[in-house]
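Each of the two complexes below includes chain A, the first together with chain B, the second together with chain C.
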Partner chain A sequence: MDLLENIGRMGRKTAMSFIETISFAGMVIFRMFQPRTYNSAMRTVLINQIYFTSVQILPVFIFVSIVLGSFLIGIVFQLLKQMGLTGYFGNVLMGLIVAELSPFFTVLFITLRSASAINTEMAVMKVNGEIKTLEIFRIDVINYLLVPRIINGIISLVLLSSLFSIVLMFSGILFSWIIFDISVDVYSNILLSSANFSDMVISLIKCAVFGFFITLIPIRFGLRASREFTSIPIVVSSGMVNVFTAIIIIEVLSLITKLF
Partner chain B sequence: MSREFKVGLFIVSTTIIILAALLYLANEKGLFAKVYTFTLSSKSGDGLTEGMPVVFSGFNIGKVSTLELNDKGLVLIKIKISQKHIKWIKADSAFILYRPLIGVARIVVTTNNLNSPPLPEDKIVVMETVNDINDAITKVQPLLEKITKIADNLEHLSNNLANPQGDLNLILGNAQKITTTLSTKKSLLEMAVADEESVQSIHEALKKIKDIVTKIDKIADKMDVQLYGQEGTLPNINIILKDIAGKLQKLDTTVDNINKIGKDTSEGMKDFRMLRSDIDDAVNAIDNVVKKLDNLISSKKDPEFKLP
Partner chain C sequence: METNRHQAAPVSIDVPLISNQEVWMNIALIKQYHENMPRLQAQNMVLNALQRLDLVHIAYKRNPSLTNEERFCVFLLRACMVKDAIVMIDRPFKIIPHLQDIDFIFQTLKKIDDFYLTCHIYDYQWMAGKYGEK
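And then the complex of A and B:
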């Protein structure tokens, strides 16, 4: 009986949390499309957020993209050659590596670096009463704190994921030449014939959705912190778990979209 | 450089790269190219789907945009071909719906003469269908029927084997009886006639036949010597025939000579006729002279002539 009660309680809690997250997301999206949201203070925060999330890490990100992407492409191409699937390397490169793995690696990178930071920042601000202070000064917390971070998440994810894909494609030129002895012209033709415009658009939309949720969920869980410092690790932990759950759900949904 | 500048540069440059890549892809995929629509007709819409690729020499050149059913019950298939590939669509182009056993169905375009005029967009072309699945089923059907018959026969045989009163079991029973009988008899013949005296008679008859055959063999040998021996009939006949052939050759020469003499005689006869004609003329002339002389003599009183 207790077990069933516990399962029911957990289910109700999860459902309520999901509904609250969706309604919170709806409110943030509504604010994003309101022109008055974009005041000078918000713009400054947005620029700072983009700087910290994307520009500051750009050298590291490009280096990681080159190293990781090159190894990934090299291993995949070598496997394709061993399995006699050389003819499918264009489809694998565009359909799997560029359209699926690039957004996935980028979202993992940004989540580990920025989403955790945002979660902790929000929790600390809540514990220190900074949120309350802003409300006392009649500063709109959503416009000032939330919307810039979420827009930053969307912009950063889309741009960095695209950069990752471009780096991968350039790595592909080198590895296709070394492994398959394919010239640049042939490589370009294979990529073009394998590339699907709708897949690219879906991939960009997926990146935007990733960016939205990997910043929205940490903010939401960070704001759940109480006035005690001990609540910070709890909300950060649960926030990060929920972010990874959201990433998996979005990935699955995007795969389902591709099936149809 | 200020933070704003760095962020602006990052956003602008990355956005330009992404847009350029997307525009290049869209352009290469023919998203901005002019698209031509052609209409094909088919009796059936089986295997046709919107978005199905249109292929020329193994390359995608377009796709099926819409499928409609007209008032006559024909399926109208509208295909879209981009400007880049319009050069492959000619008035004599054939459109074939190819449904492979494995893989995606597609419309295959074949153009025999690329110099023929372009296909007008308002012309409705009849589409042919090549169906690997149905072809395979058609080929497999007789095979399946044969396999079914074989299976039926096997079943019949196994039933027959399982049945103690079945034909095979009866045959096996009979074979057992035969082998048992054979084991008690001296020979197969004895088993067949079931009488030892008859077997003895048959043996004697066979011995006599053997003797007769030996005699016939000896006669044949003698005949052979008489006919084909050194002094046999046939070599003598050969010699006579050769002699006759030699004489006939000589006779041919004689006949030729006779023919020649006949010919010469025929030619001599011509001269003879002429000679006779001359003699006739001479006789007539003498006759005339005699007549004149006669007249001359008869006109004189003294018919006496003084001879020199």
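And then the complex of A and C:
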């Protein structure tokens, strides 16, 4: 009986947490579409956030994209050649690597670098009483802190994932020439004929959803910190676990969407 | 006070600065948020205000780099950014513990007396000596 009770309690807790996250997400989306949210202070935070997440990261991100992307493309092309599936390399490149792996690698990269930082930043602000400062000066925490970070998450994920895809496609030129002895013109034609518009749209929507949740969840958990410093590691670790759970759920949902 | 809540401008150690923002951004935030003042205009206004207190050099510093006196001045300028501010200084000697008397606070308030409507200082009875009372 104890076991059943524990399972029930855990299930109820998980369901409540899920419902709370979704209702919180709904509230944030509502604020995102309110013009008065976009005041000068919010825009300043948004610009700073985009700089920290998308611009500062560029040298490392491009380096990782080139190294990881080139190896990935090289291995996949080599495998296709060994299996005699050379004719499908365009579909594999566009359907698997560009549409699936690019958003996934990008979201992992941004989660490790920025989502963890946002989670800690919010927790520290809560512990220091800085959130209370904002409330005392009648500054809406959602409009000032949450919305710019979430919009930044969406913009950064879409842009960086697109950049990763572009790097991969350029790596593809080199490897298709080395492995398949294909010229740039032929390579471009194969890519264009393999590109599926709906896949691209799903991929971009997936990036936007990733960007939304990998910033929303850390903020939500960061704001759960108490006034004690010892609460910071607790909220950060639970926030990050939930972010990775969300990434897996979104990935699975997008795969289900593609199946139908 | 209930009717003037939107004018309340606290200066207190319990209302800290936002640690991930520079001094000028902490002060400009109120104007940028409530009056939608453009960033550059707000920045210039803050720099001018800091100039009045000879503190322009701290504009791009963050909270941990400030001395107690500088922090007090930033608290005060931030409070003054509230429209028609009624400044309420809560236990000033808790913000600047090494201060011998209230002179520094009064001098600072005098330099920017056109920035606020009124100012109230709240402290414990036993601190009366620091205010020159017997």
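Assume the second predicted complex is superposed on the first by the 260 of 260 C-alpha atoms of A that agree within 3 Å, B and C clash if a C-alpha of one lies under 4 Å from a C-alpha of the other, contacts with A are read in each partner's own complex, and residues count from 1 in each chain.
Just so we're on the same page, a contact is a pair of C-beta atoms (placed from the backbone, for glycine too) under 8 Å apart; a residue touches a chain by one contact, two chains touch by 3 or more.
Treat the numbers as computed from the prediction; the structure is a model and nothing was measured.
Colleague: Determine, under the contact definition given at the top, whether A:Ile139 touches first (chain B), second (chain C), both, or neither.
Modeller: A:Ile139 sits against chain C, while chain B stays out of touch.
Colleague: So in the superposed three-chain picture, is A:Ser183 touching just chain B, just chain C, both, or none of them (first/second/both/neither)?
Modeller: Touch partners of A:Ser183: none, neither chain B nor chain C.
Colleague: If you stack the two complexes on chain A, which partner ends up touching A:Met200: first (chain B), second (chain C), both, or neither?
Modeller: first
Colleague: Of the two partner chains, chain B (first) and chain C (second), which one does A:Glu121 touch, if any: first, second, both, or neither?
Modeller: A:Glu121: touches chain C, not chain B.
Colleague: Quick check for you: in the superposed arrangement, does A:Leu159 touch first (chain B), second (chain C), both or neither?
Modeller: Touch partner of A:Leu159: chain B, not chain C.
Colleague: Mind working out whether A:Gly129 is in touch with chain B, chain C, both or neither, as first, second, both or neither?
Modeller: Once the two structures are laid over each other on A, A:Gly129 reaches chain C alone.
Colleague: Between chain B and chain C, whom does A:Tyr51 touch in the aligned arrangement: first, second, both, or neither?
Modeller: The first partner, chain B, only.
Colleague: Kindly list the residues of chain A that each of chain B and chain C touches, one partner per complex.
Modeller: On chain A, no residue contacts both chain B in one structure and chain C in the other.
Colleague: Give every residue of chain A touching chain C within the complex, in rising order.
Modeller: 39-44, 121, 124-125, 128-130, 132-134, 136-139, 144
Colleague: In the complex formed with chain B, which residues of chain A make contact?
Modeller: It is residues 47-48, 50-51, 54-55, 58, 155, 158-159, 162-163, 166, 192, 195, 197, 200, 204 of chain A that touch chain B.
Colleague: Flag every residue of chain C that touches chain A in the complex, lowest number first.
Modeller: So the residues of chain C in touch with chain A come to 6, 10, 14-20, 25, 28-30, 32-34, 36-39, 42, 78, 82.
Colleague: What part of chain B is in contact with chain A in the complex they form?
Modeller: For chain B paired with chain A, touching residues are 3-4, 6-7, 10-11, 14-15, 17-18, 21-22, 25-26, 28-29, 31.
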